[in-house]
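Encoded as structure tokens, the structure appears first; notes follow it.
Per-chain residue numbering starts at 1, and chain names A, B, C and D are given in the order in which the chains are listed.
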Amino acid sequence: TAREAPAPFRVALVTPGSIADAAWNSGAFTGLNWIHDSLGVPVSHVEARTPAEQEEALRTYAEQGYNLVFGHGFEFQGPAERVSTEYPGAVFIITSGERVQGNVAPLIFRLHEASYLAGMVAGGVTKSGMIGFVGGVELPPVREASEAWVAGARAVNPQVRSRTTYLNNWDDAALGREAARALIRVGADMLHHNADAAAIGVFQAARETQGVYVFGANADQAALAPAQVLGSAVIDLPRAFLLVAREVQGGTFVPRVESFGLASGVVQYVPNHALDSLVPAALAARVRAAEDSIRQQDGP
Amino acid sequence: MDPMAVAGDVLVAAVGIATPLALAATGEVLAERSGVVNLGIEGAMLFGALGGAIGATVAGSATGLGVGILAGVLVAALFAAVAIGAGADQIITGTAVTLASVGLTGTIYRQFYGPAGVGLSLPTLSPIPIPFLADLPLIGDALFAQPVTTYLMYILVPLVWYLLFRTRPGLAVRAVGEDPTAARAAGVSVRLTRAWAVLAGGALAGLAGATLVLAQVGTFTERMTAGRGFIAIAIVVLGRWNPVGAGLAALLFGLATALQFALQAAGLDVPYQFFLMLPYLLTLFALAGAVGRGQAPAALGKSEG
Amino acid sequence: MRSNLRALGIGAAALLIGLFLLAVGLELAGYDAGAALAALWDGAFGSWRAFTGATLVRAVPLILIGLGFALALRGGALNIGAEGQFYAGAIAAAWVGVHAGGWPAWVALPAVALAGLAAGALWMLLPVILKLRFGVLEVITTLLLNFVAEALVSFMVQGPMQEPSGIYPQSAPIVEAARLPFLFGSRLHAGFVVALLVALALAWVFARTWWGFRLRALGEGPRAAEVSGRVRAGRMLAVALLWSGALAGLAGAFEVSGVSYALYQNLSPGYGFTAIGVALLARLRPSAIVLTGVVFAALEAGAGAMQRDAGIPAVAVYVVEGVVILVLLLGDAAARRQASRRAVPVVDGSP
Amino acid sequence: MLLTLTGISKSFGAVQALRDVDLAVAAGEVHAVLGENGAGKSTLMHIADGLLPPDTGTVAVDGRPVRFRSARDARGHGIGMVHQHSTAVPAFSVMENIALAAGWAVAPTRLRRRVEALTERLALPLDPSLPASTLSVSLKQRLEIIKALAAEARVLLLDEPTAVLAPAESEELFRFVRRFTQGGGGVALITHKLEEALAVADRITVLRRGAVVLSSPRSEVTAEGLTTAMIGGSLVVAPPAVPLRDGPVLVQCEGLEVRGDGGRGLRQASCTIRGGELVAVAGVEGNGQRELLRAVAGLTRPFRGLLEVARPVAFVPEDRTTEGLIPSMTLTENVVLGVGRAASWVTGRGVRRVDWSAARQRTAELADRFDVRSDGTEATAGSLSGGNQQKLLVARALERRPRVLVAENPTRGLDLQATAEVHGRLHAAAAAGAAVLVYSNDLDEVLVLGDRVLVAAGGVITEAPAGIDRVRLGAMILGQGGPDAE
């Protein structure tokens, strides 16, 4: 799209992993495409896996005059702070970031609020009283999700026991499956994850075992195992990205801690309605109530 | 819970994890016995996985296995053309082939299923219990109630052993790997023999990749082999360049990995990183305990100018 | 000389043909090949900034690790555990760097470098012992220890070395005094100079010293070297391997003190493996390792630019990288074959 | 004609190894090929065996021109070759090596039986299951011969087959060769031993510097004529040096016991060698002499007993391309390795440096003095002909100015002139005050060389009486109850 502007508005995204993970990174890439389509601005994307590459990517985008740069993960906070002092003209948005500094601002998703709701469902539905969580790498948002999931389950059933397994890997689906199967072996019948592509193996393990159910993360993952996914803790990354991009383009953006929880609608717990029959009505009502009260607390 | 049952389940997992490793390692034994280190098997496995996924999407699991094998052979052919045909360094060639494979599988996958399109979920091969044997205590399920790919592994490992140590082509392969000059003096074509060995190794790596998809995860993800090719190469050394040894080493590694997850799932209060180290440390101890003393084929890795 | 030129010409021709095929492939896949290759070039060499900040910065660990790999392989030992030794060096360097508060830079910087060297060598100790004591091949022990090192870093950044807030899986930043100075006002840190010095030193050791010569003899004819009575194979290999680990550890230390300023989990994009290619393509010659190190680094730097500026997806960029390396290899093989028309013994006595 | 080579030329870089050479092998005939080291004999055989393509010229089998692309093609035309150096795969067993060469099936029990039958028929016994790497050089040679014969060849190319055989073994071989030619086969035989050529050949061709200088039926040549043709003049033999009397004791052993490979070894040795003495050891392979020499050279540690050896010691191993030289390294580098840091070109303290130009210069001098023919000091040792490799090894050992010099089969594969030169050098070293200890499997050489003769039998070393003759020495090495080679 040709626009008559001296310096065209441009948006860049740096992801820490492949955008084909059907979760964290793919959501961000979709967000970038939304920005391109809705605002008609040029966009660019780079995958950068190491701290050095990440800093270099941010710096190069700023150097090239990109106005808005998304660093997709807490790990971009430090590099962005270092780079931003040299390029005050660019806005750096760090998803899951920590704090505001200059023109660096975090975009926080309280996914754990949705994971808490997922945990409640799990706590109510579990027959064995044991739930399991598979994490990719033990990052802060991953740990928060895992803790909220357990807390949610215990809120419904204080007797619930839980186990957590880490893979140290985001790509290895076969390993994800083995981790899930090991959890199932010790009795877990409700599984949740935050392991990106590796989690596909978790869904597979659930599909293989009668009576085991699983909760998606980051995106609505019901399609991965329609008969086993009870619900997903979802981040509507595209919506959040677009929101920020509009502000920055319009010149109204003020660096701040932008945090999205259930109240914003950007983070949601999306039940798989095909399996509604498995969730007792009373439990569903309790989950809805909890959701409302969290929204209330979040609320403006 | 019944400890016997838990142990049995861990063994089931161990054999499952070991199957693709043993297949790939057996293929690599063949290549290395001919004097060729093929680091491209990581790429061949990845292509085998993608081939398995595409084949199974189009025409079912059996086709998936076939396409996976074919894909592995094609990757090995690229490796062979550069490393054996042109005589380029084997290690760099293997690395480059793997790098290109990571990219190509990703690109092809996105062409088929969309840039962010997972959603692909294939039916996996279900375990086939073998009558009577599957009822054995402890090991019955682990060894005899597995998907067909595990039984293929049971057949292929001794078959490759037989090929290498009891047939003339196998003798030629070993001669070329030990002493190309002597082999040439005996009338063996060094390059041709190596090419065949590498292609056969590629077929097994492809099968290993297809196994990951069709017997385990039921879908393809980018980089899903996650370094299994390199582990397979370690297993070759651990198994002393013998298919049967490699099969056992793969089992050991599978067991250590299964144990690792079992321990994490047991909820012990130990940093999980120590469990992650377990398979590798265990292997190291096995090596120190005299298992790993072996002699590499004398001409291993030396390209033929 | 004439035949060298001819060999160079043939190598260059193979390269051009390969690049042309690559361009055709990119066009067929629906990408703009011209833009992609231009971005590859620009990202690596296009500007002073790119050349120093993207290419040479990456070249530092590749050169150091490549030199260490070459050192061991000259004596016939394969160290494929540089990745692990790199992490060991990074852990030690970060630890020293974080605790170097109040030290002057001339103390802190050498301390960081020494910590890296020592930790890299230490990480090599187990393979050396297993090799000398039990005859276990170093190929496999060094490889296995890579995985252990990765888990260890993960533990460190979430356990004893985690930053003070205890939230993020990274260490606290190292103090200013422990950060390597930049060269010529670019992002290139002083570790580059050290890498060049190490290359020079190693070139001298290989070409001029008695030790370097005996090491090479051991690598090329282990039995004859031992029978000659000049070489105690075990000791010599141990020294070479420990230095090899130390150099990889130094690379890790420089990555922390020159680039990342803190310990992170995925500090290395696989430098330890890429550097093997760097060393082998250079045929273990230190001066050539500097060159191939820069070439491989340029390729990685250019890869980023291809995504950024030409919109080639990361996965397709891997294909380009892989193919460029294969093309380099083919060019090199063609050139070599041309140059070495000198016959090799057809059937000699060497078994 | 079974095999006809016509107008063969071949160059390696600047070296022209063969120049318009003709050679024909007829059915029922032994055609001996003689020539000094580096004359091009092995190269010619490699061309006949399909391992090397000729630059010009043709190869014909049964009168029909053929073009071999590999040894396999040559095998297909009934050509078999025994290489000068072992081409056995070290990690393979004897029978696997034979199966590889002969194209036999490898099922172990059947293979073993087949190999046993063959070795029995050939009267060349060899344990089928021994790994080739553990064989002594002479047993490796035996394996070479068995390999070539197993493939049912009609033409046998034998490249110095007897260089490392004991006299009795050589006689066995020639009995076999005669049977082979009587059965219609043809043989090309390379040897440096004139009397062998004269004894078994029907026709003799002499190569010098890559060209044929003589080719006639056996009946028309004499030993003198051959010698003149081979070296282009008459043999120069250094006058034997006067043995030094009452030199200091440089080697002393007492009740020495050394463990060998596979259980056997040195069981008992007591000896004293003084400076100025040249002591030769006679013995059949595997009777302890190898262990004795290697212990004196400092390569193996004695198991029991006393051993005192003056330093420095220099050692010339029999296996020249794995234990002696490093084939991929240059002549200079091999010399530098052998001489060590005692040499003038290793300088500096702490970090010792090598002055390569000094080393090159010295290597060039050595090559010149010992007549090592090569492409220059920067040629690789692997590109030298076998005899020239040996000369380089000896030159390098002497360059150390050893007080004790130990040599195993030091003239193996050397031509007449070179053999005479090496003998001269060994004597000269002794005359200069060194203690020289030599093992040779050639009894004549032992008798010619040794001031004193030691006999190894059954792992026990005894001294032969002064003035012993060949027959009695032969009896001593076999007859005293010692284990045979096999």
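Note that a contact is a pair of C-beta atoms (placed from the backbone, for glycine too) under 8 Å apart; a residue touches a chain by one contact, two chains touch by 3 or more.
On a predicted model such as this, the values are computed, not experimentally measured, just so you know.
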{"item": "Result of counting contacting C-beta pairs for B-C and C-D, higher pair", "value": "B-C"}
{"item": "Intercentroid distance (Cα basis), chain D paired with chain A, Å", "value": "75"}
{"item": "For chain C paired with chain D, centre-to-centre distance based on mean C-alpha positions, whole Å", "value": "45"}
{"item": "Geometric centre distance via CA averages, chain C-chain B, whole Å", "value": "27"}
{"item": "Rounded Å distance, chain A centre to chain C centre (Cα mean)", "value": "35"}
{"item": "Residues of chain C whose C-beta touches two or more other chains", "value": "151, 154, 158, 313-315, 344-348, 350-351"}
{"item": "Residues of chain D whose C-beta touches two or more other chains", "value": "51, 83, 87-90"}
{"item": "Sequence positions of chain B contacting 2 or more other chains", "value": "106, 110, 115, 179, 181-182, 184-185, 222, 273, 276, 298"}
{"item": "Listing of all chain pairs that touch each other, if any do", "value": "A-B, A-C, B-C, B-D, C-D"}
{"item": "Chain B contact footprint on chain D (complex, rising order)", "value": "49-51, 70-75, 81, 83, 87-92, 96, 99-101, 103-108, 147"}
{"item": "Chain A partner contacts - residues on chain C that touch it in the complex", "value": "49, 53-54, 57-58, 150-151, 154, 158, 167-170, 173, 187, 255, 259-262, 264-269, 304-305, 307-309, 311, 313-315"}
{"item": "Residue ranges of chain B touching chain C (in the complex, touch as defined)", "value": "82, 86-89, 91-93, 95-107, 110, 115, 179, 181-182, 184-185, 222, 230, 233-234, 237-238, 271, 273-274, 276-277, 279-281, 283-284, 287-288, 290, 292-294, 296, 298, 305"}
{"item": "In the complex, chain B residues that touch chain A", "value": "1, 6, 9-10, 13, 16-17, 20, 106, 109-110, 115-119, 121, 124, 212, 216-219, 221-224, 226, 257-258, 261-262, 264-267, 272-273, 276"}
{"item": "Interface residues, chain D side, partner chain C - complex", "value": "12-13, 46, 51-52, 83-90, 132-133, 298-299, 313, 315, 317, 319-329, 333, 336-338, 340-341, 346, 351-354, 356, 382-383, 386"}
